[in-house]
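Note that the chains take the letters A, B, C, D and E in the order they are written out, and that residue 1 is the start of every chain.
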Amino acid sequence: MRNLASLLFAGGLAFLLMAIAALLPFGHPPVLAGGAILEQAADQVGAANIVTAVVLGYRGLDTLGEITILFAAAAGLGLVLGRRRAGAPRDPDAGPVLRTGAALMFPLLVLVGFHIILHGHLTPGGGFQGGVILAAAFFLPLLARPGTPVDHPGLSLVEGTAGAVFIVTGLVALLTGGEFLQPLLGTGTLGTLFSAGTLPILYLALGLKVGAELAGLLARLADAETDT
Amino acid sequence: MMPAGLPFLFYAGAIGLLVIGISGIVLSRNLFRIILALALAEAGANLLLVLAGWHWGGSAPILGQGKALETMVDPVPQALVLTAIVIGVGIQALALALAVRAYRAYGTLDMRRLRNRMNRDIAAAAGIPAESSRDAPAGGRPTPPVPAAHRSGGGRA
Amino acid sequence: MSQIALTIALPFLAAFLLPVIGRVYEALARVLGPLVLLYCLWLVLQLWGTGDGHPVALAMGGFRPPMGITLYVDRLALLFTLLVSLMTLLLWPWQRAADSRECALTLLLAGSASGLALSGDLFNIYVFYELVSVASFGLVAVHRSGAAFVATLRYLVISGFGTVLALTGIALVYSQTGTLNLAQLAQLAPDLLAGPVGLAGFLFMLLGFGVKGELFPVNTWVPEVYATAPARASALLAGLVSKLSLLVVLRLLVLLYQQEQALQLLLLLGVLGVISGELAAWRARDLKRMLAFSSIGQLGAMFIAFSIPGNAGLLAGLALALHHLLVKPALFLLAAGWPGAVERLRGLARGGPLAAGLFVLLALSLIGVPPLPGFWAKMLLVVGLAGQESGYLLALAVVLGAAVLEASYLFRVVAQLYHRDEEAARPRPYLLDLGSAALAGAVLLSAVPFISPLGDWLAGTAAQAGDREGYIITVFPAAGRPLYSAAGGGKPALAAAGPLPEPKP
Amino acid sequence: MIWLVSVIVVLMLGAALAVLLLRNPVGAVAAASVVSLALSVLFVLLRAPDVAMTEAAVGGGLGSLILALSLRRLGLWRVEGDRAEQERDDA
Amino acid sequence: MTALDNLLLLALLTVLLLLAGRRLSSLGWYLTILFGAQFAGLLMMGALGYGAPPVPSSLHIGVMGQVMQWRFDALSWLFALITVGAGLTSSWYLAGDWGRHYRQRGGNLWLLQLALAVNVFSMLLLLASGDLLSLFIGWELVSWSAFLLMALNGADAMRAALRYITYAMAGAMAMMAGLGLVLHTAGSLQYADLAAAVPTLSSPQLWGLILLFGMGFGVKMGLLPLHLWQARAYSETPGPGASFLGAVSTRMGLWGLILVLVQLVGLVPIADLAIPYTFLDARELLMWVAALTIILPTYTALRQNDARMLLAWHGIGQGGYMLLGVLMGDAMGSAGGLMHAFNYATYQAPLFMAVYAVRYRTGTSDLNRLGGLVTRMPLSFLVMLVGIIGLAGLPPMNGFVSKWLIYRGLINDGQPLLFIAAVVGTFGTILSVYKLIHNTFLGQLRLEHVEVREAPWSMTVPMLLLSAVVFVTGYLPGLVLDWVAAAQQAVGLPVLVHTLGGVESPLGSLDMIWVSSLMFAGFGIGALLFYAGGNRSKAVHQLDNYAGGHFLSADVRYQYSDHFYAGLMRHIGPLYRNSFQWLEGALGTTVETLGAAMRAFYRQHHPAIYLLAVTTAGLIWVIL
């Protein structure tokens, strides 16, 4: 009976949401804040990819909150899963295909990851997407040989310093009279690699942080036997 | 009453995902399914948010592609969805870690059994004797007198 | 005033660096958190001293309001930022060999809580709210017992559901108005957000942001989590974080939804919260769950207070919130030192007279016995409710009935404490818990003689918080006057404050 | 354009239903990654390339990877999905 | 610093001294002296009792837009007299042997004395309140300090105290709602504003005001539906605390009702409120509640076997008389009601003290295990005799004057049914007090009580003092009637024309001096005839007796005293259906089941369904 009632409610919810969706101005949105950003992004931030301008420039605080959430999730996961038991059994190594494939793919993945991070302000992509690819790159050898010890202290070092770099660049703007997370170093010429001031630096720090964090997260999740 | 044509499709997709996700959370008994349904619901909400910025014949908000500024789609919701997706995955990872530890602690993923064992543990930790919950309510308040007929009929020792 | 952003940035910076420092020299890591919080506390006090009392709008990143994120700093926001630093410092996880990750999560909680109090942008509020959620998931599951994991999971599912609803609400509001800045939304609200879409957005956002505020349908996680979480974490959640969620709902109500239907919805959910919370508390068997249910009831009363139109409702809600923020954490800390079940509390007063005396004092204030501040807060609520028509009179009857239930179950615990008959186990409370509870008791007693100046100050703050036009003027100053965002004007990136962009058809 | 969108949306909703209805958890995870993939294509059609990449990489890639890893840890990793073993687990 | 400030400061000083003086040995005597000083401070304001204008206090506190001030008028002076008087005699009783005995049995004597001081201070604060806000604050303080006094005596006392505090909180919350209503209609909480706003109130608002304040004060007074807590709570309170609570605590409720219903709202507007479909109006409804409050508790007292419970039940019954008198609104009836409040305090306190004296000596107050103590404890017998004559309302004692005034008032007001109800109540009172004195003092002395001696002087002196007051005010009621007339004038009721001996008015006159002296003359003649006629009665030892031809041994009880009214009970037994007990039980179980339902809601295995339901319902509501 409970299932029937909840199905009924779900159907009702769907119908009502569709009715409300009909009232929404789809196709001709009142682009109020977005319109102002589109006009002034080129000269205020100087990034070709306006979404990156919004992510790191206009709404920098959101992104700071965002990477902190990821950090909190990773810290929470580490807290919950705890350290690895000493004598825990190890999984056998993967088949030869995966081992050689992993060895081949690793440098490619790292290259693609850094490419996406560094061109975040020019082409679609950026810190998050590049960071995930880096994490996958570091996790692949672990899949191939589950036994390889994971350098958790190293990962948390990278993660901590990258996060600190992100916040310090924001604070530098504050200390030199501007506002917190204000893009510095001018805007440079649109479209070139070194344009949009501190945005590339921020995205690089962000990419490294996300990459190290997720690599640690995946390694901890993949460990067969952890508790305490 | 209903949105027509292309908008109907997009909204149907977004709201469909949202409602399937919500009904998944509400209906499923297995904890793993609930976490999956939560991810679906998040995806639905993200799609709804991106739809808020699209307009007919819009172009990607990337300068230097030769597109005019007026035709560009609103970049703000895309920045929001970027954040929302990563939040969703963050919560999902934490949820799965908790599910793993709950599975190891209680050996099951069925919500009903998990709830019963949790309540049993909380009562044990607080020191409430489980079996006495029926006859001796908290704080020694006088329980309403059992009508004489039951008492004699029941014949409890 | 733009240094206020430090109260967000510094805790985050310290949290990021804590695991790294933790590996190098252990001692600094243990003391880094409290030091940062102390600095934030000093910073807020210093800013409050120099500020002239008028609200200030800060444009994050130097970008003008509708585009960038604004931080709105009025007396209410400053008060809550101060309370965040103070309460987190008081409820810092000192005693156990606190894992550096747990300290990091507590710092994140503090930073995002002050962010939540200051932010003037809808999506920014959502991000900080999510951060508070994720940080609290980690903190609540610290005990690593089976029950803690399952309780945290159920809490996560409910707040995940809330996240989805909040996100849908923001999507609806954004597609209707095209902006996220609260001031601009406040301008557009009367015509754009008055329709069914706006109200649907309000319903979703209310349910989404109500999870932490223990709103009626989304508070089923409260008893389990507060029963399994460490006392300091549940004190922080019940005392501080629930008030911030209340603050967010208050901002939504005052700025965007001053409509009849929104208030009635809030009133209904508040009344249901009070009824379910108090009745369940009357039946609860262990002390922590009883306190959890009673905090559901109290917060229900605060939602009822906010549903009263006009400044009287805001004043009553704020008074109840501040009083609950002072009393409830102290009660949780006291409960930590005692055995869980109410029956096993028998005769504890002889072993710990101070703890039992504090419990009586806090219970009296919670019930609303006159000289104590609790009475004045409840009086404001009763006076506010008595003036309205039928729906509010029912709420008044429910609130007063709840007070009677509260008196009977709280003093049933007191009866157990002062039970003289047989010898009881000597409680060994953790000294710092008892110290902070005693501090809360002292503050409560010292507030008694200064109740009228406190009342007037609070009335001023509530009036300022309820002033919608003042909010809009502060964020969008009249054309021409340069926006108060940066001391130096030389940065090329800072465009002159052009006129407000007209909303496109 | 409209046909492409309708095919993808139908595919996505079908995969979403499959996530809830499939008995085998591995199948459910696969269906979830299909939903995420269809969603990122939709984002491309909506002129949101950044979001499409994020959805593909983070939602599809990382999300499914995490789900698969935790499936192994929960002991639900059964590719063939025979009935007897399921009953034992649900007991 | 006005006289009122001195009194309040003195009372506060008493509390602080008690708090500090925990280690002092003879703390009881210090408390008695301090109470004596407070009594003197009260007498300094004696002019109030003779029509002087109210004495304001210099303390003004402005909180949340309301100004709180304090003042004493004739009405509060009269009630303060009772309060401090009862406090003085109780602390005197406590200071001597009884206190030492109580401490030896493990009781916390210091806390009892502190509670007594706190009670008196909060009652004086309540009586001095100058506006509704300070009234409510004083009221809550009185309720909670009474809880402190009741909760001293171990587990079952705590349970009775918990039951009391639930009732008291219900009353306080009803009053808080009344305050909200007043603030909304009258704009401020001052007495004058409420009195001015009463004509503008609509009838539902007026009904609300009466019911809310009626319930608020009625809980403390023990009006009928709310009286179940009082007997058990007062009998569980240790010794003199019970005599203090019994004598004074319930009168605070009466003071409140007089202040709000009579002085502020006024009896005329209340009388205009007709109850639809019945011939009753609001005033008559309250009078019938008072009448039923007289009858039911008194006949419950009849069945009690414990002397303390019997007296506690009478406390509720007598409260009905006072309310009945005050509500009549004419000169005689209201004077009777007010005087009855004073009289009741003067004879209830010594009765309780006598019972505790018996308990101190014999260790029990169970009426089925006492008897024949008149030979061993003559002074206590005398005190109880004077007390029960006053309680029953027989001529020489002051109880008769007030009951006579109430009856005359009822007749003048033309309420025959109420008159009959009052008489039935008096009949019940006479029956139960006779049971009290017979089972305790008359009849055959039990073996174990042979070596019982009279209670020590520290206990008998305050008892005798109070009995003397009962007799003197009975003989010369004019003393009290002056104060009562001043109180009537302060409250706005018609003032009673009275002389030193009683009442001289066309509606009925009474001269107690004549009545009492006539009675004493009769006794004198009877005694003269008896002794002059050779004193033929011969003292015979109790056991020098025989029944049915064979001698009685010591253990045979030839005088039956247990289950005293067994015969009567067989006839009116079925009338006792304790429906209020059942009502309270039903209320308790409903709250219990609702609580269980709510707890189940929070423990359900799938919380999300309610969230989904609320979302969809909300959406429907939002769309429409």
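Definition applied: a residue touches a chain if its C-beta (ideal position, glycine included) is under 8 Å from a C-beta of that chain, and two chains touch if they have at least 3 such contacts.
Per UniProt, the chains are A = Sodium:proton antiporter; C = NADH-quinone oxidoreductase subunit J; E = NADH dehydrogenase subunit.
No experiment lies behind these values; they were computed from the predicted model shown.
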item: Number of hops, subunit C to subunit E (NADH dehydrogenase subunit), where each hop joins two touching chains; value: 1
item: Given subunit A (Sodium:proton antiporter) and subunit B, the chains that contact each of them; value: C, D, E
item: A-E against A-D, pair bridged by the larger set of C-beta contacts; value: A-D
item: Centrality ranking, top chain (CA atoms only); value: C
item: Per Cα centroids, the chain farthest from subunit C; value: E
item: Chain whose mean Cα position lies farthest from subunit B; value: E
item: Between subunit B and subunit D, centroid-to-centroid distance (C-alpha), Å; value: 17
item: Interchain centroid distance [CA atoms averaged], subunit B/subunit E (NADH dehydrogenase subunit), Å; value: 59
item: Rounded Å distance, subunit A (Sodium:proton antiporter) centre to subunit C centre (Cα mean); value: 29
item: Euclidean distance of C-alpha centroids - subunit D vs subunit E (NADH dehydrogenase subunit), Å; value: 76
item: Contacts with two or more other chains, residues of subunit B listed in rising order; value: 6, 10, 12, 16, 18, 21-23, 25-27, 46, 51-54, 60-62, 74, 76-78, 80, 82-83, 86-88, 90-91, 93-94, 96-101, 115, 137
item: Shared-contact residues (touching 2 or more other chains) in subunit D; value: 48-50, 54, 58, 62, 66, 70, 73
item: Where subunit A (Sodium:proton antiporter) touches two or more other chains at once, by residue number; value: 6, 9-10, 13, 16-17, 19-20, 24, 26, 29, 31, 33-35, 37, 49, 51, 58-59, 62, 65-66, 69, 72-73, 76, 80, 124, 128, 217, 221
item: Contacting chain pairs - touch in the sense defined above; value: A-B, A-C, A-D, A-E, B-C, B-D, B-E, C-E
item: Residues of subunit B that touch subunit E (NADH dehydrogenase subunit) when the two form their complex; value: 22-23, 25-26, 111-112, 115-116, 119, 137, 142, 144
item: Complex contact set, residues of subunit E (NADH dehydrogenase subunit) against subunit C; value: 61-64, 136-137, 140-141, 144, 151, 154-155, 158-159, 161-162, 165-166, 169-170, 173-174, 176-177, 179-181, 183-184, 591-592, 594-599, 601-604, 607-608, 610-611, 613-615, 618-619, 621-623
item: Partner subunit A (Sodium:proton antiporter), residues of subunit D touching it in the complex; value: 48-50, 52-54, 57-58, 61-62, 65-66, 69-70, 73
item: Residues on subunit A (Sodium:proton antiporter) engaged by subunit B in the complex (per definition of touch); value: 3, 6-7, 9-10, 13-14, 17-19, 21-22, 24, 26-29, 31, 33-35, 37-39, 41-42, 48-51, 53-55, 58-59, 62-63, 65-66, 69-70, 72-74, 76-77, 80-81, 122-124, 128, 190-191, 217, 221, 227
item: Contact footprint of subunit A (Sodium:proton antiporter) on subunit E (NADH dehydrogenase subunit) as seen in their complex; value: 606, 609, 612-613, 615-616, 619-620, 623
